[in-house]
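After this come two complexes, each holding subunit A, first together with subunit B and then together with subunit C.
This part shows the complex of A and B:
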């Protein structure tokens, strides 16, 4: 027993090793995969997150009135795997390091995140398109010129048409 | 000659509260023979994965079991990568080893701490768990979860280490060496632990070879079958290490193999960090998975893990099958248990590091 006695005395002198949470601070790493956060400003409604989510916690659907895309997230279904954040092209969805998952009973049957992004109109044909996202443009182009802005305000058909006319 | 009694052990609460049912025939206090019944926690994962796409399955397979959790997606992804015919960047190979070895060290410490629990040495158990907590903090800080790291992806890894993180990881691992050495000495030399583990649950080398046991269960009987050495994958062939072998053939030998492998894991991570090549950590984009079949195997903390994946070219696998180490190891319990006392049943069961949730999936 002598071997363990040394450890026991050391433990006694060092005091508790647990954090005094919730009465004090606790260790929460920066990269901790906690509750999903979502930024509709960055979202392009591509549904990648829904495709890769193994739990079916995210649903990205066309809104009933056709004015945009609806993003719904259910906390109780999420397994905190981080797949959605890893594959999202614009980092619109990601794991925050908030681990407080308790919710009121009244919130049990409503989605934890229920947001939507609205379509804009194509400048040429007025067809509904997804608005360009600044974060993606910055990643895709070295410099965002007027030309880029103009191109991204058109629907794919008009863009093709315009390119064709210029030739 | 006294009578033979039948004693049911399980299906709940043997070691680790894993649901498996032993029908034990005892003569006095001595085990005559055992029969094992299983199937209490079947979850139908092999059917579930066929209804998920390849990217979702990286996460589903990880949920097979918590202690080997990194090896399931790792092996699955290796099989899928074989079908797709892709080679991952070199940096990713090293990062895969780092994640795997950190998990292995944590898993082995968990198992030996359960051993201390089962022999009634609870302060040793809590101390081992406390030491393991360092690794849990590391996993939480670098991968974001305490158990399911989500480290691998098809075509590479999902995480990268910058200078600060390398320093943090190294610091934590080095700080672990002294306490683990101290604990290992207690597991090796303490009178009580020795009395409960030495000569208990003997599996001779011949039996180990005959039954085809894997992992530390085999290496505790002197059988060298480490997949990391025999069929190297990721960066293992580029690292300098030797397979840990013990020839005690008993519960103690298996625990010593695990404790030595904790040091080995720390050493392998240190080597990886010093050799870590520059470059990308994953392939650009997502590779197309054509029709075909692939198999892969890795050395999980409990032994050889094998995955078979069949693809028909669609976004979901057509068939997937995995064989887990406990499936091979629990057959050996029928050899290990006879001749031991009833009180040793749980100690022997724990010595194969059983994972029923893997085995029944």
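This part shows the complex of A and C:
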């Protein structure tokens, strides 16, 4: 009997357990898998995310004018599995902990993320190449020297040719 | 006179059209657990489609559920607000282009709010219901003016 009163008094002092969400703040875990976030600074346009996406929410295409790569994410078919973030080599795509997914019907076909990355020119032949990304260079090389910077600013053909010339 | 009070307390009705039960569990959570408590918004679940004001549809509309869905929607009186819960009724989700799926939902009925997620978070459902109530108020006012 005494135990019952103890619990009753404790619950009375603790106040309501109801989450005040639509009228107040709520708690979201740090690692909650919410809406996808995208960082064009880190993206290399490899379209691995598009390949591993089970529900086809991500489309990575060449831009119409050919100046870069377009990344489109459609929220309304994403199952928040996190495959894109898991397989992304540079962590450009990841699950943020934003859970506000309620949208009006008129916004149904508007892409949640519509961003693009631009090509850069090869230093020797002016061919369009994807820009080297710092995060990937740090993973690939122990030390990023001037030589590495020069090599990564060339297109694959020019790089091969330069290696041959040096030999 | 009753319509004045009806604005404040829409009744929720849910239709499962072949859902995996994930979204239904989240809907039950939103309704039954005091932590999320959808009744704070003035809503109440009803068991009859004839009393429904806000309809929550889950599932990708399988071939077997299609006929039941159409009959169910015929029973729900206007004005009504249709809310698609989860990615399945919105776009088909991961079941899209399957031979046994007849979705998305907006082929059958005019959807008002989409709440995406797989499954959705209870807080998102509350968001969606709050948006639906705002639309419901507009709709019932237009209905009585007409």
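By our rule, the second predicted complex is superposed on the first by the 148 of 167 C-alpha atoms of A that agree within 3 Å, B and C clash if a C-alpha of one lies under 4 Å from a C-alpha of the other, contacts with A are read in each partner's own complex, and residues count from 1 in each chain.
Everything below uses one rule, namely that contacts are C-beta pairs under 8 Å (C-beta built on N, C-alpha and C of every residue); 3 or more make two chains touch, one makes a residue touch a chain.
Remember, it's a predicted structure, so these values are computed and weren't measured experimentally.
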Touched partner set for A:7, first subunit B, second subunit C, both or neither: first
Touching partner for A:77 - first (subunit B), second (subunit C), both, neither: second
Touching partner for A:87 - first (subunit B), second (subunit C), both, neither: first
A:26 touches, of subunit B and subunit C: first, second, both or neither? second
First (subunit B), second (subunit C), both or neither touched by A:66: neither
Contacts of A:95 with subunit B and subunit C, given as first, second, both or neither: first
First (subunit B), second (subunit C), both or neither touched by A:108: second
First, second, both or neither for A:17, with subunit B first and subunit C second: both
Residues of subunit A that lie at the interface with subunit B and also at the interface with subunit C: 17, 32, 54, 79-81
Complex interface listing, subunit A residues touching subunit B: 1, 3-4, 6-8, 11, 17, 27, 29-33, 51-54, 79-83, 86-87, 95
Subunit A contact footprint on subunit C (complex, rising order): 34-37, 40-41, 87, 90-94, 96, 106, 110-118, 120-121, 123-124, 126-128, 130-131
Touching residues (chain side subunit B, partner subunit A) in the complex: 52-53, 55-60, 62-63, 123-124, 127, 130, 133, 137, 140-145, 148, 150, 153, 158, 182, 185-186, 189-192
Touch list for subunit A against partner subunit C, complex: 16-19, 21-22, 26, 32, 54-56, 74-81, 99-105, 107-108
